[in-house]
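Each structure below is given as C-alpha cells.
The same chain A turns up in both complexes below, where it pairs with chain B and then with chain C.
And now, the complex of A and B:
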C-alpha cells in the first residue's frame, strides 16, 4: 500500500494538518445538524481526506465499506432517452460521483440521478440519521445549466440528503450554490506542516531522517502534501539509509519541460519550433494536462528571463491559456505561446545586442 | 419519514415573511399587492432585482394570501430552473395547467381568503429560460389571460424578451438598505439567542451587500460553527471574503515593481485557496477608492480586471490570470509603458 493511502487519517481526531477545521466539522456533526458543505482548495491539500473522515464520523466504520459500481442510467430527456454511464462509489450511507464525467449531459445527471439517489432513503429503525450523504466531485467543472439545476435540488431534498461538494476553485461555482452551502476553505499545507507529517511517517516506518531532508522534500513539493509523501516514498525506495545529500528526484515531465524551456531560449527559429512540437506532443500523449504544461513552461521561462520581459511573457501565457479553454486542440495554443515567446525573445535579443 | 429536525431548517426559510406587508423595503410592490388583495384584481407581473431582495418571497406570499392553504395546490404552479423548462414544458405542462378552467362558483371567498377566479403560474429564475421557451409563452399568456396570471421572477430583466416584458407590470426590487438589514438580522439573532456585537453587525451588512439571504446564511453558518457569540472575524471566515491584509500585501508587492515578489504573492494566494474572482473584486474595491493612484492608472488596472474576470468565467486558469492582473497592475502603478516593447 502506498504511504499516501496508508497514512491517510481515518478520523477527524487524527487529522494532522487542518486540525481547527476538523474540530469545527466534528462539532457540526455531533450537533446532528449538518448543512450542505462546499470544500474548496488547491489539489493535495486534503479535501478528500477531510470528507472521508467526516463521513466516517457521521456513520461510523460502516462508511468505509465502499463498492465501486459502473451504472448506466436511462434518462428521459423530453423527445429522446439518453444513456448515461457513470462510475459511482457507494456505501450504505453515502454515494460519491463526479457528475462532470457525463460531459455536456451533466445537467441530466444533476436533475435525474441525484433525485433518484436522494429518494432512496436509508431505513433506520431508530429514526436516527435518516439521511444520505452525496459527495459530488469537481463541481467547478459542471456546466452552468447543471449548477442551476443543482440549486433547487439541494433545497428540495435537504431533508433526506446532504450534499458535500468538492472543487478546486470556488470562482467557478455559481453564487447561488455557494450561498446555499457552508463554505469550507482548505488551504494548502505550509512547508512546516508538511515537514511535520513527513517526520511522523518516517517515525512510524522506523526510518532515520537526516536533518533537513524533510524540509528539502517539502520545498520541492509545491505545498502539495500528496506529492511530498509520494516523493518521500520514492526516495526511500531509491536508496536507504537516506543521506542528507540524496537528490530528490524531480518528476520526469517537469525535467522534460525544463529541457523544452532551455531549447527555446537557445535558438528561435521555425526549425526549433518544429522540434519543440514533437516534445510537446510527447507530453500530451503521456496525459499531462495542457494547462499544467503551459504553467510549468512559464515557470521555467520566468526563472531565466530578464525582469522587463517577464510581464510580457506572463501576459501571453495567460492569453493563450484562456484561448486554450475556449478552443478544442490544446497543442495549437501551446505552440502559439512558444512561437510568440520566440518572436518576443528574438526581438529582445536584437534590441539589446544588435 | 422521520420528522425533520427543526434546527436543520435553513433560517432563510424559517424567517421568510408569510405576508406581503411584512416584506421589507419594497414599498411600491407592497402597495400594489395590498391593493390586489382587496380588489382581487391583478395583472401579469414581472419582478426583477438583485438576489436576496424578496422577489420569491413576495410572489409566494401573495399566492398564499390569495388562495389559502387549501386551494393553493390546485391554483398555483411553481416552476424554477431546476425543473426542466425547455420549450416542451411550456407547450405541455404550462398550457395544460392554464387550460383547465376554474370551477364556476368558486369565486366566493373561502375561509377568509379572497380566492379570485384565476390561477397563478410562478416562473422563478425566468432569466435562465431559453429564448424559444419564452417565445412560446407569448401567445399562451394572452390566450389564457382570463384564467391565469403569470408571475415572472428574474435577476436580469435584459434576459427577458421584450414581448414578454411588455405584457407585464414590472417591479424593480431594490437592494436593502443597511438599517433595514440590521434590524432584520437583529430580530433573527434575538429569536435564535445569538450574541452579535455592533462591529459584527456592520461587517455582516457590508459583506452581504444588500442581499438579505446571503446575510442570513452567513449568520447561520457562523452560528453553527462558532456557537452563539459571533465576532466580526468569524463572519469573514465563513463568508469566504479575503482578509484585507492579503489584498494589501499583493498591492504592496505590485507597487514595489519587483516581478518575482508579486509572483510569490500570487502563488501564495492560490495555495491558500482564496477564490480568485473574489480577489479581483476586492482589488477593484481598493483600487477605486485609493487616493494616491491617478485616474489613468486606475483605468488601466480596471480594464485588465474586467478582462481577467471574463477569462475566469470562461474557465481559464486562476493562477495565470491573477499573475497577469498583478503584472499589469505593477506596470500601471510603476508607470511602465502600456504597450509591450518587443511584440513583433
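And now, the complex of A and C:
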C-alpha cells in the first residue's frame, strides 16, 4: 500500500491539514441534517480525504466496508435503450461514482442511475428509513445537459439522499447547482503544512529525515500533498539513508515537457515543429491532459525567456488554451501555440542579434 | 385528331405499339400534362421551328431536363419508339440514344475486331451446337461502350432472335405486405433468377408459344444480374452461373459492367470481378470491350448531326467526345442536350457575329473548356488524395499574371498572394467529397512538409487556421439532431477555412517535388490514448491498494510516474500486479499483503485492518 493511502486520515479528528474545516463539518453532521455539499479545490488538497472521513463520521466504521462494482446499466432513452457501463464504489450507506466516465452519455447517468440508486434506501436499526449519500466525482467535467438534469435530481430526491459533489474548479459547475449546495473550498496546503505531514510520516516510518529535505520535497510538489507524499516515498525507495542532497525524481512527463521546451528554444523551423508534434503525441498517448501540457510548457518556456517576451507569450498561451477548450483536437491548438512561440522568439532573436 | 391526343398521353409500356404506329413522328411524351398543352394542335407540331421557335425552345429545354431523369429507364419506356427512327431529317423528339441505336454492324462504334470476334463466336455456336464448346460468352467493359448494342446488332445480322432476362419489377414494401396478407409467398429476385437459369438449363428456351420462331436460332442475353448483398447471395449467384456455363445449350451472353476503379471501395465492384473470374474458370469465353475511341465517337456524333441537321461545329463535337470518356451513350445524350439549347446561343453567334467569333475564338474555347465538363461530361470525381495534393502543393500563377487585377482592392503587401492555379477550393472539396474533419486532419498531418525551410510564420498561420477549422467543426458537438442544417453549414465552412487557411498561410510554397501524403498519425494517437485510458480506468480499482476514485488525470500524472519509479526493474510495461509486489517488497515494515490473484478482494480485506 502506498503511503498516500496508508497515512490517509480516517476520521475528521485525525485530519492534519484542514483542521478547521474538518471541525466545522463534524459539527454540521452531528448537530443537524447535512445539506448537499460541493467540495472544490486544486488536486492534492485533501477533498477526497475529507469526504471519506465525513461519511465515516455519519455512518460509523461500516462506511469503510466498500465494494467495487462494475455494472452495466440499461437506460431507456426515448426510442432506444442504452447500455452504460459504470463502476461504482459502494457501502450500505453511500455510493460513489464518476458520471463523467460515461463520456457523452453522462446525462443518462445523472438522470436514471442516480434515481435508481437514490430509491434503494437502507433501513436503519430503528426501522426508520435512513438516507443515502451519493458521492459524485469530477462534477466539473459533466456536460451542461448533465448538470442541468443533476439539478432536477437534487431537488427531487433531496428527502432521500444527500449528494456530495467533488470537483477541481467550481467555475465549471453551473450556478444552479452551486446555489443548492453548501460550497466548501479546500485550499492547497501550504509548504509548512506539507512539511509537517511529511515529518509525521517520516516519524511513523522510523526514517531519518535530513534537515531541509522535507522542505525541498514540499517545494517541488506544487503544493499538492499527494504528490509530496508520493515523491517522498519514491525517494525512500531509491536510496535509503536519505541525504539532504538527494535528487528528488521529477515526474517523467514533466521532464519530457522540459525537453520539448528546450527543443523549441534551440531551433525555430517547420521541421522542428514537426518533431515537437511527435513528442506532444507521445504525451497525449500517455493520457496527460492537454491543458496541463500547455500550462507546463508555458511554465518551462517562461523560465528561459527574456522578460520582455513573457507578456506576449502568456497572452498567446491563454488564447490557445481557450480555443483548445472550444475545439476537439487539442494537438491543433498546442501546435499553434508552439508555432506562434517560435515565430515570436525567432523575430526577437533576429531583432536582438541580427 | 382527338383520338391521337389520347394515345400520345397514354405512353405507358402497354401502349407502345399503338403509339408508334399511329403517331410515328412524335414519340417522346413523358411529361404528360405539358405535352397535352403544347400539342393540342398536332398539325402545328410538325413545323415547330418555323412558327413558334421561342415556345418551342422552352418546351424542349424542359424536356431536356427530364432526359437526365429518365435516362435510367429509357430502355423500358421508349422501346416502342424505335420505329420512328427512320425519320432522320425531321426534328422528331425522343432520345437520340434510342433513335440512333445501331441496327447494323456498320453503325456500331465498337472496334471492328471486337465485333468480329463476337460475331465469329456466335456463328460457330449457331452453326453447330457441339457439346464440347462452351456456350457462354462474357463481355466486359465500362458503361456505354455498346455491349448490349453489339449483341443485338449481331443477332439481327445473323437472323437470330434475342431472348433477354429482364429483372422483374421490384416489389415495394406495401405491396409485399399486401401480398403476404393474401398468402402469396415472396420470392426474391435472386430466386427468380435461379429459377430462370434452371429452366434454361433443363429445357432450353420455352418456345411453344410460336412454333415458327423456333426454327430461327435464339440467343440468350443476360444483361443485368440480380442485385447482391451479402456473401450468401453472392455464393448462390456464383453457383447458379457456374452451372449455367457448364450446361447450357443455347448461346448465352453475360454482360458485366466494369465500374471505374475510383469506386473500388464499392463491394459490388469486387464481387463482379470475382464473378468474372469464376465464369472464366468454368470455361466461358471472355471478350473485353475497351472504351470507345474518340474518333469513333466523333464519327458517330457527326453522323447524327448530319441526320439531325444540327450545326455543331467540329470542335464542339470533339469536345463532347473527349469529355464523354469513351461512353458513347453519354456522348449522344450530351450531343442532344447540346443541340437543344445552343440553337439560340451558339448558332446565333455563328450567324450574326462571324467576325467577332473568330476574334474571340480562343476565349470561347477556353470558356467552353470549363463550361462543358460540368454540363455535359460525366461526373468528375477527384480522389481525396488528389485534392489534398492540390491544396498542399499550392500551385500559383507566376508574378506577371498578378499585375492585372492589382487595382481592384488595395491589400497590404504581406497579405497579397498570387492567384491560385486551380479551381475554387470549395469546388475541389465538393468533387472530392471532402468531409471537414478528415480534410483538416490530413492537412494538419502533412502541411509542415510543404512549408519552406525557415518559414515559421507561415507554420503559425497554417496551424492557427487549422485550429479555427477545428473550433468550427466542434461548435455543435453534442447538440441535438435538429441543428442538422446549421451543422452542415458549419462543416463546409470549417472545411473551407482549413483549406483556404493552408493555401493562404503557406506564403512561400516550395517548388513542387515529390512528397508522400501520410495518413494522419493523430487517429492512431487518439486510439491508443483511448485504449490506455480505458486500461487505466479499469486498473484504478484493482491496482492501487485502496479502492477510491482518484481523478483520472491524477492517475496519469502522478500515480503512473511514481509506479514507474517504484517498479524500476520492470521495463516500461506497467503490470499492476508486478508493480504492487515490488512496492510491497520495498515497504518491508508493512505486513505481508496477501497478493492473491484476486486483488480487489484482498484489498477489501485490508481496509478493515486499517
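Please note the rule applied: the second predicted complex is superposed on the first by the 349 of 354 C-alpha atoms of A that agree within 3 Å, B and C clash if a C-alpha of one lies under 4 Å from a C-alpha of the other, contacts with A are read in each partner's own complex, and residues count from 1 in each chain.
We adopt the following convention: contacts are C-beta pairs under 8 Å (C-beta built on N, C-alpha and C of every residue); 3 or more make two chains touch, one makes a residue touch a chain.
Quantities reported herein were computed from a predicted structural model and do not represent experimental measurements.
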Should chain B and chain C be called a clash or a fit once both complexes are overlaid on chain A? fit
A:247 in the overlay: touching chain B, chain C, both, or neither? Say first, second, both or neither. neither
Could you say whether A:281 touches chain B, chain C, both of them, or neither, answering first, second, both or neither? second
State whether A:82 touches chain B only (first), chain C only (second), both chains, or neither. neither
First (chain B), second (chain C), both or neither touched by A:66: second
According to the stated criteria, A:346 is in contact with first (chain B), second (chain C), both, or neither; which is it? both
Chain B versus chain C as contact partner of A:227, first or second or both or neither: second
Once the structures are superposed on A, label A:326 by its partner contacts, choosing first (chain B), second (chain C), both or neither. both
Name the contact category of A:183: first (chain B only), second (chain C only), both, or neither. first
Check whether A:315 is in contact with chain B, with chain C, with both or with neither, and answer first, second, both or neither. first
For the combined overlay, can you note the least CA distance between chain B and chain C, rounded to whole Å? 6
Shared chain A surface residues [contacts with chain B and with chain C]: 145, 326, 343, 346
Which positions of chain A touch chain C when the two form their complex? 1-2, 5-6, 8, 10, 43-44, 48, 52, 64-68, 70, 87, 89, 96-98, 101, 104, 135, 137-138, 143, 145, 168, 205-206, 224, 226-227, 230-231, 233-234, 237-238, 249, 251-253, 268-271, 273-274, 277, 281, 284-289, 292, 320, 323, 326-329, 331-333, 335-336, 339-340, 342-343, 346
Of all residues in chain A, those that touch chain B in their complex: 24, 27-28, 31-35, 40-42, 45, 78-79, 111, 121, 124, 127-128, 130, 145, 148-153, 156, 158-159, 169-172, 175-176, 178-180, 182-183, 185-188, 223, 291, 294-295, 298, 302, 307-312, 314-315, 317-319, 321-322, 325-326, 343-348, 351
Partner chain A, residues of chain C touching it in the complex: 440-441, 444, 448-449, 451-460, 462-464, 466-467, 470-471, 473-475, 477-478, 521-522, 525, 528-529, 532-533, 536-537, 541-542, 544-554, 556-562, 564-566, 583, 586-587, 589-590, 593, 600, 604, 606-608, 610
List of chain B residues in touch with chain A within their complex: 1-5, 7-8, 10, 51, 80-84, 86, 88, 125, 128, 213-214, 217, 220-221, 224-225, 238-240, 258-259, 263, 270-278, 308, 311-312, 314-321, 323-324, 327-328, 330-331, 336, 340-344
